[in-house]
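Once you scroll down, you'll see the structures, which are given as structure tokens.
Across the two complexes that follow, chain A remains constant while its partner is chain B and subsequently chain C.
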Partner chain A sequence: MSYRMLNQWVGPIIFIALSVVPLLLGIGYALLYSLGLTGIINNGFTLAHWHTLLQDASFWETIGFSLVVALSTMVISIALALGLVLREPTRFQRPIPSFLMYMPLAIPAIVMAFFIFQMFAKGGWLSRIAFQLKIIPELQSFPDLINDNLGIGIIVSHILMAVPFLVLFFTNIYQNEDIDAYRKLAFTMGTSRKMSLWYVQLPMLLRPAQPTLFLYFLFVMGSYEIPLLLGSQSKQMIAVLTIQKMQRYNLADIPQAYAISVAYTVVVILLLYIMVWVSQKNRSYDP
Partner chain B sequence: MTRKLSRLALWVIVLFPFGFILTLSFGQRWPYPRLFPQSWTLSNWIEIGQSGAGITSSFWLSLSLSLSVAIIATTLSFWGSRQIAFHPQKQVLLRFAYFPYVFAPVILAACLQYFFVRSGLYGQLAGVLIAQLCITIPYGLLFFSSFWNPKRKAMEESVYTLGGNVWQAYRMVLIPTARPTILTCFFQLFLISWFEYGLTQLIGVGKVDTLTLRVFQYVNESNIFLAALASVLLIMPPIVLLWLNKRYIFRLNTNKDLL
Partner chain C sequence: MYLKVNDIEKAYDGHPILQPLSFGVPKGKVLSVLGRSGSGKTTLLKIIAGLETPDAGTIYLEDQEITNWSPQKRGIVYLYQEPLLFPHLSVQENIGFGLTVRKVAPNIKNDLVNEMMDHLGLIEHRSKMPDHLSGGQKQRVAFGRALIISPKVMLLDEPFAALDNQTRMQMQVMFKRMATRHNITALFVTHDIKEAIIMGEELACIRDGHWQLYHSIKSFLQDHLTGVQDEINFWKKLDP
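For the complex of A and B:
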């Protein structure tokens, strides 16, 4: 095989070997395990694990909870980031503000979870401030902001990580799409500030951002470290539930864990299809 | 005035986590309801300098693992992305590259555990390295996919027309042209590996004791001061990389005001 031929084929082969093959192997193994066709306690083909899982209300709660956490994070983060960028569009193009916005991106999820834990826990910093200001009489009076059923700690952590990223992302789009020129053009044509915001700036920012925002949504939905540290035992996010079921001593839980992995894959594929469909529909409206 | 105050509030929110975690790393006792630790110590930091300290070995392990992952993944994805960029099935292949991320790396690792056990890589550093390559190489391919365009292809082909070989095309034309992109990709792949927790914990079974695992271990042990120290060590290299990388960020803005 000549060097040029090697150069032509090795790339796709490495990519397929390290990305596509593990993905297909993983999902294939999870499907077989969930159908009782492989694994320690396999007794031949069965739909029992799927039946148990789909009848289990806590599974649907987990899916719903993961969706709600991801959706809340995205809505709040997008609103905050848009507010910051549209207030002063050129601000985050300057070196020092942009560098300061990059800094939170250096905080890993596990450290952010630890920070929020130290802030929001009953014995955390906010509770201590509240006590010193005599807002609460004792430690127990501080509300449950972490390990709670509403996922407040999880959402706040994700927001603190998402907002700097989105500010830089929207600033980049604002600059690349030259939105300021369109805004000024809209003013010369007699539009108000409000109309320019709703009909020019927001659509021009949000339309090219759709795929990235959607991928970030999926990233939050599948997050692990933050809900592991800040989530509650009764309401778990999908990745935490999967891993906990897989690592329990009860062997009957393992096929269900694999079934959850496959079900999550199906949910993600469905959501991806919706995203592609929406973006194609939007594109078809373009002149 | 309101605008100045809101700017100040923004910078306080951005910088506060860094200050808070750094402060905690020097703490020793922090009884409720004190706002700051009761006593301060340098002993946690001095311990880092001792060769036998667990946290120090975790730091060097994480650093060598992340550097290895970043070097291998950047090299392979730069090389591979060139072929994929001009492949007839480019769109399908690139779509696959998104999947390790949208499926959550930790769930992918859970589904792959069996294969790592069978291959004897379970609980091994090599296993964690390969598992991390499975998520960093697709990222690298996506990152470089926009680099390859008809202009770059024409540049490469002109090398062959002038009698050069593939090695010369890469060494003298493609790599020098792509240097800033390669560096940025290297930084980002380093960070993906450096921040990784779930996949490392599952495939390494806790035996590959990286810094992220240390933070979690200290939090579980309620040793918040060592958890803060490990967190500072986790944040430091990315900040240094950002500082180095800022040359590229700043270069775009040289003719603008600093503030």
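For the complex of A and C:
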């Protein structure tokens, strides 16, 4: 093998060895475990664990809840970030606003979760302020914003982390794509500010952002620390349910945990396929 | 005069970019404006387009003062050096953009877009996205997109500067043909002497914010400040 060929293949081989192989091995092991072909209590091939899981309403509820939390987080965060960026696109290039946006990115998810807990719990700051202002008769009257079935605490935490990231991300796209020049060009062609927003600025911002937004969606959907601290016991997000099943004393639950991991991977691949299909379809876009 | 610019002035941070300058462009004529980088050409075009406000002076179009009008109301299209095709739209969608935002009926829009693509030789590229076009094709789409809305004035800011020589010459021929066909009134800014002579029925030079209008090619050629004589001397020296 010539040096040139070796040089050409070294990169892909290292990537596959460090990234693809461990992932495939992990998924393969999880699949074998879920089918009873490996693990502490395996008794040979069985679909029983999958059967139990797929007939379990709480599993589907968990998948649905995770999707809803991720979708709500993304829709609200994208709307807020776009609002902030489009109002004054150059604002977040200045030192102080830029620092204020970078700062929350350095805060770990668990710290943000604690902060939200302190803020929104029934005994938290907002509740106490509302009580002192006589808005609520007692602390317990404060609405359930933490460990609630709607996942409000989880969504708020994720939004607080996502908005600064998205603001910086959209600001970068706005500058790199020189969207302001396109906006002005559209003005000279008779486009109003509102039309320019819908026909020029938003498509130009969102189109290149699609893959990153999708990855962030997956990140929120698979998040662990925030839903662990702020989620409810009856409606869990997928990572929390998986870890709980994995760490229970009942060893029979472990294959189910692996089955959830495999099912979640299938859901992610399905979503990825939909995203690629949608982005291909959107390549030809008529306003 | 169809387009009249009276005593326009502009300064940034106290540094004058445009000294009081006045000129007019008759309807259906192309005025070539020659000037070096930083001479104030782009600022002048942006002021006429309504994208910048002048510190002083007035602009008239069809005998109406438009100095304080928004860019949307002026009917003046500004073409940048880069074609700035909307990356999310195909060739035909880019050309039809101005009609789409004007809510022109789809069947009328399709007819007009097809006609324009036919004139510009773009029919076979109709479904392509901008990143699949050559530099010359992109500029043709940009022209089509501007022309289809029948602008009162076109402002062209070195539109062929990024093209290779051959494509540039093809584009010059195409623009002349379209300008005659559509009776275009335009300001054509360039730093290329030859291009300025080819494209404009009238010639002007902008130097450090000062304006010099030439009423004939002869007077333009004779003014040593235009750089024409230096160019002629350069080529003469190469003559064997």
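By definition in this document, the second predicted complex is superposed on the first by the 264 of 287 C-alpha atoms of A that agree within 3 Å, B and C clash if a C-alpha of one lies under 4 Å from a C-alpha of the other, contacts with A are read in each partner's own complex, and residues count from 1 in each chain.
By definition in this document, a contact is a pair of C-beta atoms (placed from the backbone, for glycine too) under 8 Å apart; a residue touches a chain by one contact, two chains touch by 3 or more.
Predicted model only: the values in this text are computed from it and were never measured.
Once the complexes are laid over each other on chain A, chain B and chain C both fit without any clash. In the superposed model, A:133 makes contact with neither chain B nor chain C. Between the C-alpha centres of chain B and chain C, as seen from that of chain A in the superposed arrangement, lies an angle of 90 degrees, given as a multiple of 10. Residue contacts after overlaying the shared chain place A:184 against chain C, while chain B stays out of touching range. When the two complexes are overlaid on their common chain A, residue A:229 makes contact with chain B while staying clear of chain C. Contacts of A:195 after superposition: chain C is touched, whereas chain B is not reached.
Comparing chain B with chain C, more residues of chain A are touched by B. Legend: residue contacts after superposition of the two complexes on their common chain; A:204 is shown touching chain C, with no touch to chain B.
Taking all C-alpha atoms of chain B against all those of chain C in the superposed arrangement, the shortest distance found is 13 Å.
The residues of chain A lying in touch with chain C in their complex are 177-178, 181-182, 184-192, 195, 199-200, 203-204, 207, 282-287.
Put simply, chain C touches chain A in their complex at residues 49-51, 70-72, 74-78, 80, 82, 84, 86-90, 93, 97-98, 100-102, 127, 129, 145-146, 149. Interface of chain B with chain A (complex): residues 10-11, 14-15, 17-18, 20-21, 24, 32-35, 76, 79-84, 87, 93, 96-104, 106-108, 110-115, 130, 133-134, 137-138, 141, 165-167, 191, 194-195, 197-198, 202, 212, 215-216, 219, 224, 227-228, 231, 234-235, 238-239, 241-242, 246, 249-250, 253, 256-259. On the side of chain A, the complex with chain B involves touching residues 3-4, 7-12, 14-16, 18-20, 22-23, 25-27, 29-30, 84, 90, 93-112, 114-115, 117-119, 123, 125, 127-129, 131-132, 139, 160, 164, 215, 218-219, 221-225, 228-229, 238-239, 242-243, 246, 257-258, 261, 264-265, 268, 272.
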